[in-house]
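Paired with chain B in one complex and with chain C in the other, chain A is shared by the two complexes that follow.
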Partner chain A sequence: QLLISFTMARRYDSSTTTFSPEGRLHQVEYAIEAINNAGTCIGILAKDGIVMASERRITSGLLAPAKTSEKTYKLCHHAACNVAGLTADANILIDQARLRAGRYEYQYQEPIPVEQLVEHVCNYKQSYTQYGGLRPFGVAFLFAGHDQHHGFQLYQSDPSGNYSGWKATVIGANNQAGKSLLKSDYKEDGTVQEALKIAVKVLNKTMDGTAASADKMELFTMTLNDKKECVHHILTLEEAKRLIDAVEAESASAGDS
Partner chain B sequence: QRSPLLPLLLLLLLVSCCFCHSPFYIMSILEYNGAAMIAMAGKDCVGIASDHRLGLQQQTVATDFIKVFPMSDRIYVGLAGLATDVQTLNQLLKFRMQLYALREEREMSPQVFSHLLSTLLYEKRFGPYFVEPIVAGLGDDGKPFLSGSDLIGATVKDDAFVVSGTCTGNLYGMCESLYKP
Partner chain C sequence: MADTCFGVAYEGGVVLATDQSNARSIMVYQTNLDKITELTSHSAMAVSGPNCDLVNFTQYISKNLQLYELANDGTKLSTHAQANFARGELAKALRKGPYQVNVLMAGYDEGKGGSLYFM
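Let's look at the complex of A and B:
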């Protein structure tokens, strides 16, 4: 699609603030393309929580990781996000989100509704597609959060500043393959444990070629504890390994019947 | 010749004064609401205590007003002074603690917290928060930490005890005589 209009597009792609004759913003579209090379992220809404699974791209064994994760980030006590795209760009936006959540809670003494947090980040992204001659952020997010009014929610956002709520979705490399698998396998009102298994299955499909292993996957869950507080949990290596083995066993036995 | 009505007018003025609130003139805005706050260190432990009175000068308005706040499992802050600033500073400190935990992925130590408090107060150097806080906590190594500061962030660290509020004279006296390391 992009190839056909390449020669026409050249005149209109260098500036974010210019529409092409076909009514497209090429810089924004190119930014979205950048994300299709990033590590896959899957988000699944369950009735008792949310699951976010991502592919960890380990570029070198010599890397000493500074933070707990390069994919999953806590934004406030009731929201977290998964990143697909340029990590440097993501860091700016994550900081923006954290500040916004904190300031809202400081002002209203109440946790920020998840959609408002998502909308704030997206409005910030949008301003880089309309003002200042700056390039858009090359990041797509999966936001997972819980609030009193709408329960558990999953949102996806892209460099254009557009966002939408999902029951299950995939971003990053091979997201089309992931989405088609989700369409057939996703069950509404599943539990977090069931959602985890589906997430691993989808990740196996999108990471095709590479053997599925616990250190190449990052599995995150958000649930409520007895005190109705949000619990953010990244599965340990052992927990992830157990899950992957269980999924492999199920798929092997499914082939037999 | 003065008007014969003048003494009458003066009498009327005096009488009308008697119907207003009885005047208690405060020395400082820091004494408007009242507080008694103390923190003390022991062997591998700290304690912090305060009164629960909220007053409007001499009138007691509440007896359940909280002035000591847990900032984390290992840090407590006692805020003595104007009640509105006590509440606001508590909320502000909570916000800053949360942001630190998100960015650094670890809890703040009491020394760092004390510095943060000092910086926050000095930012308002020419329009300060009317609070004189005390910080009591356990450091990363389990060592007790105490500090107190004035309303514009001048901090003092101590190994024994810190006091703050409207009756520091009494509190200092008790501490000096009763404290045992």
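Let's look at the complex of A and C:
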């Protein structure tokens, strides 16, 4: 069965704008596959904020450290995203998101509701699966944001332009292993601190093979300050180290391996 | 033309009042023109000016605000946001084909009470 569909696929997979006889868009599926090789990103919704944790893939010791982050991007005051996939593709979409957020605020003098921002990026991605014969974007996003309508929200999107809201999710390499661990460990209405620890645990699992260390992880939190403004924070190396040590201590005392 | 609009905002909402005449000199076209347009469930607009711009502008703003709620799963825009949208449209048209309207936009927001905007 599988063999037949692969040979069939070759006739219908070179154009995004063509359905296969089984009703599939192979280019879109291949794009989604590309992301399964990318660095893992985890998102967890807490009652007082959102945590996004990603695997930092350091390809060479000669690399100069990136601006502030290579995985987390601020879109506006109240939204940020994590990228899994082709960074160059992601940059285009992030620009789109920033423009949209800015233009909305210019027009309405109010922050853009998070879902509308996500939907805008996704509609843009979708148009590359239907018009122009251009390839889809090889990017999956985790969007974290806060608005007055729905509080803290976490969304995931993929190259097809589909998106959905999550309490906790994983994208990128080993996301199935990550998701199954989240299913057992995620606690609704947990705090950001608890969510951070769960995120580190999940990253340890998805990155299994590599020793967990603060420089190989990027940990981001979004919370509200006393003035009800969004605070975007990427943990410093020291903060990350302390967190990783705490998680290791807890798992050692709990008796897991 | 030669119309009157009043607006009074208070804690529980806003009161809008307008006249109903639609006339040019001695030609009285209408004595029952409703110059208050409903925008959303909690906002409305009282307008004065030539009948063409009055009708065109109010319906344009009203329909766009309704489209927003339809397109965004019922998300509501605050009165402040609606007013800024409307003033943006007036500004865009200003150096092309201005709307010769004066607007009193009123709305009620949870936690804020009534608010009234003039543009």
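Here is the rule we go by: the second predicted complex is superposed on the first by the 249 of 257 C-alpha atoms of A that agree within 3 Å, B and C clash if a C-alpha of one lies under 4 Å from a C-alpha of the other, contacts with A are read in each partner's own complex, and residues count from 1 in each chain.
Everything below uses one rule, namely that a contact is a pair of C-beta atoms (placed from the backbone, for glycine too) under 8 Å apart; a residue touches a chain by one contact, two chains touch by 3 or more.
Computed from a prediction, not measured in an experiment: that's the story for all the values here.
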First (chain B), second (chain C), both or neither touched by A:207: neither
Touched partner set for A:76, first chain B, second chain C, both or neither: first
Which superposed partner A:243 touches (first chain B, second chain C, both, neither): neither
Touching partner for A:173 - first (chain B), second (chain C), both, neither: neither
Which of chain B and chain C A:110 touches, first, second, both or neither: second
Greater chain A contact set [chain C / chain B]: B
Chain B versus chain C as contact partner of A:149, first or second or both or neither: second
Chain B versus chain C as contact partner of A:31, first or second or both or neither: neither
Touching both chain B and chain C, residues of chain A: 106, 109
Complex contact set, residues of chain C against chain A: 72-73, 75, 77-78, 80-82, 84-85, 88
Contact footprint of chain C on chain A as seen in their complex: 106-110, 113, 115-116, 149
Chain B residues within the chain A interface of the complex: 91-92, 94-95, 98-99, 102-103, 105
Touching residues on chain A, where the partner in the complex is chain B: 67-68, 74-77, 95, 98-99, 102-103, 105-106, 109
